[in-house]
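Chain lettering (A, B and C) follows the sequence in which the chains are written, and residue indices restart at 1 in each chain.
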Amino acid sequence: MGIWTYFLRRLVQVPLVIFFVSIIVFALMKVTPGDPVSIMLGPYATPETTATLKAKFNLDRSLPEQYLLWVGNLLQGDLGASIRSQEPVTDMVLNRFPVSISIALMATLLSLLIAIPAGVLAAYRRNSLWDYALMGFSTIGLSVPTFTLALVLILFFALKLQWVPIAGVGLRTLSDGFWPFVLPYIIPVVGLAVTTIAELARIVRASMLEVLDQEYIRVARAQGLGNLVILRVHALKNVFIPIITVIAIIFAFQVGNTITIEYLFSIPGVGSALINAVISRDFPVIQGLTLVVGIFFIGMNLLADILYAVVDPRIHYN
Amino acid sequence: MTVNKSPTQSPSEEGVELGSSHSPLRLAAGQFLRHRLAVVGVVLIALLSLSAVFAPYLTPYEPTKLNLQAKLSPPTWEFPLGTDHFGRDVLTRMLHGARISLLVGLGVVIIAAGIGTPLGVISGFFGGVLDNTIMRLMDALLTFPPLLLAVAIMGTLGPDTQNVILSVGLVYIPVFARLARGNTLSLRESTYVSASVALGAPNWRIIVLDVLPNIIGVIVVLVAVTFSKAVILEASLSFLGLGVQPPTASWGRDLNEARRYIEDAWWLAAFPTFMIAASVLNMNFIGDGLRDALDPRANK
Amino acid sequence: MSSKRDFKGTRTKSRGLTRRTALQSAAVGGVALSTALPIFNIARAQDNKLAYAMFGEPTGLNEFMYTEIHGSVVTTNIYDKMARINYDTHQSEPEIVEFKNEDPLTWVLKVREGVKFHKGYGELTDEDILYCFNHVQEAGTFQKGITHFPVVGATRRSKNVVEVKLNTPFSAFPMVTMGYGGSVMCKAAHQEMGDQEYARNPIGTGPFEFDSWVSGSHVILKKNQNYWRENQPYVDEVIYRTIVDPSVRLSSLLTGEIDIMPRPDPKDIARFRDGSEPGISYQSVPGWNWDYMDFTLAPHSPADFPTNNVDVRRAISYAIDRQTIVDEIYAGEALVTDNPVPPGYLGHRPSPIVYPARGDVSKAKELMAKAGVSGFDLEVITSDKEWLRRECELVSAMLSEIGINVKIKGMDAGTYGSAWFTKQFQADLEDITIVSPDVDSALWWFHHKDGMVEHGWQNTQVSEWLDEGRRELDPAKRTNLYHNVVDAVLDDCPYIYFNHVNQVYLLKDNLDGFKAGPQEHIVPLGAVRWT
């Protein structure tokens, strides 16, 4: 089976997965106690006003009906509006997705910038102090939850040194100046990046070691080529294969991982919006955002597979 | 981390060594013991489990009893790890918190492996529409970031320790299902199993006798990894206030409370962090050791 | 006791150390600091802007749809009220409308002239006031049953004179009705936009007009150039930022990211109370609210469940050490009480009336013995407010003294709302803000048999007193009636009251004109200016 048939088959599966995603979301909502209306009205709710509001948001209909209504609107390009804030879900996606994406993107770039040189160096100076230090960092980095790292960063850089503000992502635009715009991103991005740096550095080191052991490098060495030249020309090229294949997955992981970070730093991203929506049973927001997040993750997985297939032609498609 | 080094559908067709004649268990044990960090991990996790079990006898304090006269005491001889804002001994809470973390870890792998593995094996073995349905459902579950899915399920079930186990367990079912399916698929195509099928052996027999024993190795490795992830996820849920409820001691919850005192009382944040990191670290070591010993692909 | 003194000593010392280390690092990292710090504070004082930290995300800005604290904090400054509460006199005073009653059932409202709506929606007329009353009745908004129940409807008498008819003499009019229904909204804009759009693009007559809202991050209001109050507002722009975590709020204030913050973590208040923190001033006023515990009573819970025995409920009330809650949870920023009538309200009596501030455990044990209950498991639900979860932990320890094993269930807002609404809880620990300065708001809704759906206390006598209190216009007679109600509540304990929590604000000390009020959701900023 050729590579294109493989992609086509994967692509055909996407709608089915998305259907399941929306069903899962709906099923979760069905068994979940609580509705947005009684939360909105709070202690002063009367049965009468509750019923009026419920009817207004179609919450008095049966769940299958609600689902069909939602799908119907979706097909017309309407994601609905938040019951809580009345904000159109499309606006929410447009406002919040870029924030989460940009943080995840920055964290991914930072991870690559640090992990690749660090991993290469560690492999090249195998069993050196640097190698041990990096592997030590990597082991610990993988064991500490992201939110703990963020707490430590807050303590030192925001509270003690006061170099960066804790909150404020999404508050200013580039027109307010470069530093006011960038500073609030620093702690969340670094906090997010540590885990992936740890993971990536390991992968880079391992694949670099594999490459360095390979025949042609040994031959090159025997031929007396300078170490640096060997590194640059032969080895690095091969190291990029595993890295390219994990980039998409790392990036997607970052988007998922921003939840605790967004909660901690009051960042107006998708994660914090979703948590708030889950908490207040804001059904249209939960449905809309999970759908978008779902499609995003499916896309990233697909991209990872495609990259893998492109850079590593040895793969077979069953 | 959800970094898979292999793409979603890459059964390794070279397959797994089947039915080796010299005791594979002893071989694996030798392999594992050579992994020094893994042995350290086993010893430390065993120690942690023991101290969790015997927590009530190890310190003179109760984890939930308030002692307002002694609140926010830094580490002293009386309170080796200090006390929290209600004067509760931090050491005692750490030991009792270990109970929660280990219980959650254990419960989660039982649910995830116990449901995910059979699903994956059935899916991989029988293929067809059944396979497609199960795996697309698993794909759909995998679409959600683990924490988000756990948060949503917790919203459904309500905050409680059992519910943490249930929701985190559900989150990891598809991970096991996928791994089991991939490995079953490659086994199914191996001459050995195809021969059994051709000879007319009943399906359940092939699954129990030929498939399961051969995938148990990779599953055990995944169990160790999942255990450590479950510990982190429990801590994250409790940190968000959705997990274990006060006054029950939980590392994640205590860390959340410690956030308020991060400038005034370092010991409140330091020790839960240490406990989480140390137990995850050691579980990872064990996982590495198991991988070396049991995963045939890693062996080469 | 000695260990406590030790602890205090070390804490002061360590705090001093922290400050010094910070100073040292400031000196060392001087370059970085001097470049970083001005960036936080983009010179709002010079630009005449103001940054306020909300501790949650507003729901919506349409007062016809719902009310909740964060949205209300913003809308206070977008909409004027027909009448506003004067917190000193406990009376309402006219803002946009002057209320006069002709007879017990007829009120005449005179509308202020020369008031303009934001964004070119023209001058306010009697039409808008009529709409504000009649839309509630016609559309059945949430106010209808809560605050507008005595209102039959409004009609126009002459230009800018409106008549409101009541269905019964009502002593708490217009105060109760103004609690959730007094915002002046624009008929033309509301009809044109509909509820949904209006909630995201409100039009009012208040000191500030709506500019923009980035959900999850901030709301920006701009100065209303045509405001009817002379010279107000003083600042050109208010930015409301959502910062949920109290310690993040505080450090944002200290680094100059924000100018006013509500609800500091009580543990941080002491250093501001004594004025030792330069540049920051502190305001604290007694709050119109209470922390309380209540129970689902029979017939909504099994008749043999221990909390259906009045002696058990009394025992619980005696077992609560209210002073410790005030000290440990609120660091002293609260007032011990055993009843729901705060100081300043009609019928207030010095508290505690029955249950001692420090509790009485032996009395509680006696009552448990009398009830023949030796001990039981009690599930207590609470919402996601972190201070209430801590309070639950304290209460749990106190009740364990009398053999009650409390199981805390902290719930997210959704689960809590539904558990509560469907009476699926054994006990509940929460706080509530009283919407109006009239004592009716503190009692009727919670203790009348037709009131809140919450717990199902069916006391006919109390319900009669409460209804009489609404009809009765003589303050002395009302006082008597409400004393009777409070005594009955104290005796039967359907609710157990703990304390009234102070409203605490921290703000820049070069801000003038800010006045903390007893209601958390009302924070007017029109008179605030930089000095």
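By our rule, contacts are C-beta pairs under 8 Å (C-beta built on N, C-alpha and C of every residue); 3 or more make two chains touch, one makes a residue touch a chain.
Keep in mind the model is a prediction, meaning the values are calculated, not measured.
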Distance-maximising chain from chain C - centres being C-alpha averages: B
Comparison of B-C and A-C by number of C-beta pairs in contact, larger one: A-C
CA centroid of chain A to CA centroid of chain B, Å: 22
Centre-of-Cα separation between chain C and chain B, whole angstrom: 44
Distance from chain C to chain A - Cα centre to Cα centre, in angstrom: 38
Contacts with 2+ other chains: residues of chain B: 155, 158, 259, 262-263
Sites on chain A at which at least two other chains make contact: 32-33, 159, 263, 278-279
Residues of chain C touching at least two other chains: 18, 245, 384, 412, 414-415
Residues on chain A engaged by chain B in the complex (per definition of touch): 13, 16-18, 20-21, 23-25, 28, 31-33, 139-140, 142-145, 147-148, 151, 154-155, 159, 195-196, 199, 203, 242, 245-246, 249-250, 252-253, 255-257, 259-260, 263, 271, 274-275, 278-279, 286, 290, 293-294, 297-298, 301, 304-305, 308-309, 315-316, 318
Chain C-facing residues of chain B, complex: 64-66, 68-74, 85-86, 155, 158-160, 241-242, 245-247, 259-264
Chain C partner contacts - residues on chain A that touch it in the complex: 32-36, 38-50, 52-53, 81, 84-87, 92, 95-96, 158-171, 176-177, 179-180, 183, 263-269, 272-273, 276, 278-281
Complex contacts: residues of chain C adjacent to chain A: 18, 21-22, 25-26, 29, 32-33, 35-37, 39-40, 42, 57-60, 62, 65-66, 68, 139-142, 144-146, 180, 195-197, 199-200, 214-218, 241-245, 248, 251-252, 255, 257, 384, 412-419, 421, 432, 445, 452-454
Chain B - residues contacting chain A, complex: 1-5, 7-11, 13, 132, 136-137, 139-148, 151-153, 155-156, 158, 185, 228, 232, 235-236, 239-240, 252, 255, 259, 262-263, 269, 273, 276-278, 280-281, 284
